[in-house]
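As written, the chain order gives the labels A, B, C and D, with residue 1 at the start of each chain.
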Amino acid sequence: MIQFEYRTKVYYKDVDQMGIVYYARYYEYFEAARTELLKSLGIHVTVIENEGYLLPVITSHCDYKVGANFEDTLVVNTIIKDLPKSRLRIDYEVHRNNFDELLVSGYTMHAFTDKSGRAVKPPKQLMETLKQNL
Amino acid sequence: MIQFEYRTKVYYKDVDQMGIVYYARYYEYFEAARTELLKSLGIHVTVIENEGYLLPVITSHCDYKVGANFEDTLVVNTIIKDLPKSRLRIDYEVHRNNFDELLVSGYTMHAFTDKSGRAVKPPKQLMETLKQNL
Amino acid sequence: MIQFEYRTKVYYKDVDQMGIVYYARYYEYFEAARTELLKSLGIHVTVIENEGYLLPVITSHCDYKVGANFEDTLVVNTIIKDLPKSRLRIDYEVHRNNFDELLVSGYTMHAFTDKSGRAVKPPKQLMETLKQNL
Amino acid sequence: MIQFEYRTKVYYKDVDQMGIVYYARYYEYFEAARTELLKSLGIHVTVIENEGYLLPVITSHCDYKVGANFEDTLVVNTIIKDLPKSRLRIDYEVHRNNFDELLVSGYTMHAFTDKSGRAVKPPKQLMETLKQNL
């Protein structure tokens, strides 16, 4: 299992008139979280893209339990459990900093494509790095 | 079945450096689409909220098949299939205007709560309107 | 003077915990408004870009007088007053639909560049169309 | 002069199809930056709001010189130069981390109001803290 804790903070831009983080914003946190998970393994998305690979999202899912508020610091526990075959799954669990309570959980599924959008095999370096760390 | 076609257009703000709509943006389209579906039935979310009800999203899900591009006009076919008990499910199917191909499909699940976040029965007027139109 | 009325509607995604449209969102409305102004003259930004031109924003400015609320329909009066030399200025005035009161006003300034970011002369077709309509 | 360096990182969510940060996104960075500047002085916006004060933006302005790219780390130098009378002005200068080149500069002007939107005198604690640190 590969795990990374991404921290972010809630600002006005994120919060709706119910006073909680707008539901779509979590997907932006997830994107930052997985970019940082990969970076923690030495993989820069920019480099992968320069090598001609894209990892488009093919599924996104989120369950909302408790709303986060303005000026909350959030911890997004970001997890890869399995070596991808044709698809990479990443899981996310969002807590307030130093609190046990789960606010939100979700996942994203990613394909591997070339720049024209055709499915390709996962980039070798990514696969080897994942294998070493799982 | 209740059905509504919400139209929106893709601008620079929506599109990422792959040249396609950023995955989280579809949830913003979905929110506008369900607001307009309800309005087409004579239900204004603002009025529901003024009566003390909130309809927070408790689950969101999206499957991405084909990317939408800048200046595309999108049609979000928005569907309520079942009368809600404790939860309302809304389905969405996104096409380009005048094209058959399905780009994206998804759904949201909504709870009914009061302003303090406690689960309550669905607002009567909403239930009756849904019943009449299903 | 070239003028175009762009209509948009305020949804949850736009509104902050003060219950008014978040200040940065107006710039997204402005972007949609100027895209539609140009389209009303027969100019598609996508076509301009395919011909190798970009119109990056070099200045943006906004004055906020009255906050817009959820489910408001907004009219963005979008204006080009002068033929651009090296820069194109576009002005915006935001009202609620059917109300006189000015909510927000602003402007954007745009450069003309090629895809590598170098300043170029404005595209001919754009200049001629603006000249004919000013 | 009060000064604070806010750091943020550019993700896919921020970048448009020109491959640079979308112009409106800088205003989101500015909001986070000023929230952290105030926090560095011991002032939490949440506390100010709980005391009945709002600091709505009345003017926003931005000049764009060089585009920031995906995975850039940005430093937003955030500056208060003068003690506010009826309006607080905050200036922002955005650089890439460890690079001199100025990418973007801007400012925001803020009013002081109560929750109903009426202009009020600036909150005392905020004024004293600013006075001590200017």
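By our rule, contacts are C-beta pairs under 8 Å (C-beta built on N, C-alpha and C of every residue); 3 or more make two chains touch, one makes a residue touch a chain.
Keep in mind that what you see is a predicted model, and the values were worked out from it rather than measured.
Trainee: Quick one: which chains contact chain A and chain B both?
Mentor: Joint contacts, listed by label: C, D.
Trainee: Most remote chain relative to chain A, going by C-alpha centroids?
Mentor: So the chain farthest away from chain A turns out to be C.
Trainee: Please work out which of C-D and A-D is bridged by more C-beta pairs in contact, and write that pair.
Mentor: Greater number of contacting C-beta pairs: C-D.
Trainee: Based only on mean CA positions, could you tell me how far chain B sits from chain D in angstrom?
Mentor: Distance between chain centres, rounded to whole Å: 33 Å.
Trainee: Which whole number of Å gives the spacing of the CA centres of chain A and chain D?
Mentor: 27
Trainee: Averaging over Cα atoms per chain, report the distance between chain C and chain D in Å.
Mentor: Distance between chain centres: 24 Å.
Trainee: What are the residues of chain B that contact at least two other chains?
Mentor: 12-13, 24, 28, 31, 70
Trainee: If you look only at chain B, which of its residues touch chain A in the complex?
Mentor: Residue positions touching the partner: 18, 20, 23-25, 27-28, 31, 54, 56-65, 67, 108, 117.
Trainee: Would you tell me which residues of chain A are touching chain C in their complex?
Mentor: Touch list, chain A to chain C: 12-13, 15-19, 22, 24, 70.
Trainee: Under the definition above, what is the set of chain D residues touching chain A in their complex?
Mentor: Those in contact with chain A are residues 9, 11-13, 28, 31-32, 35, 44-46, 70-71.
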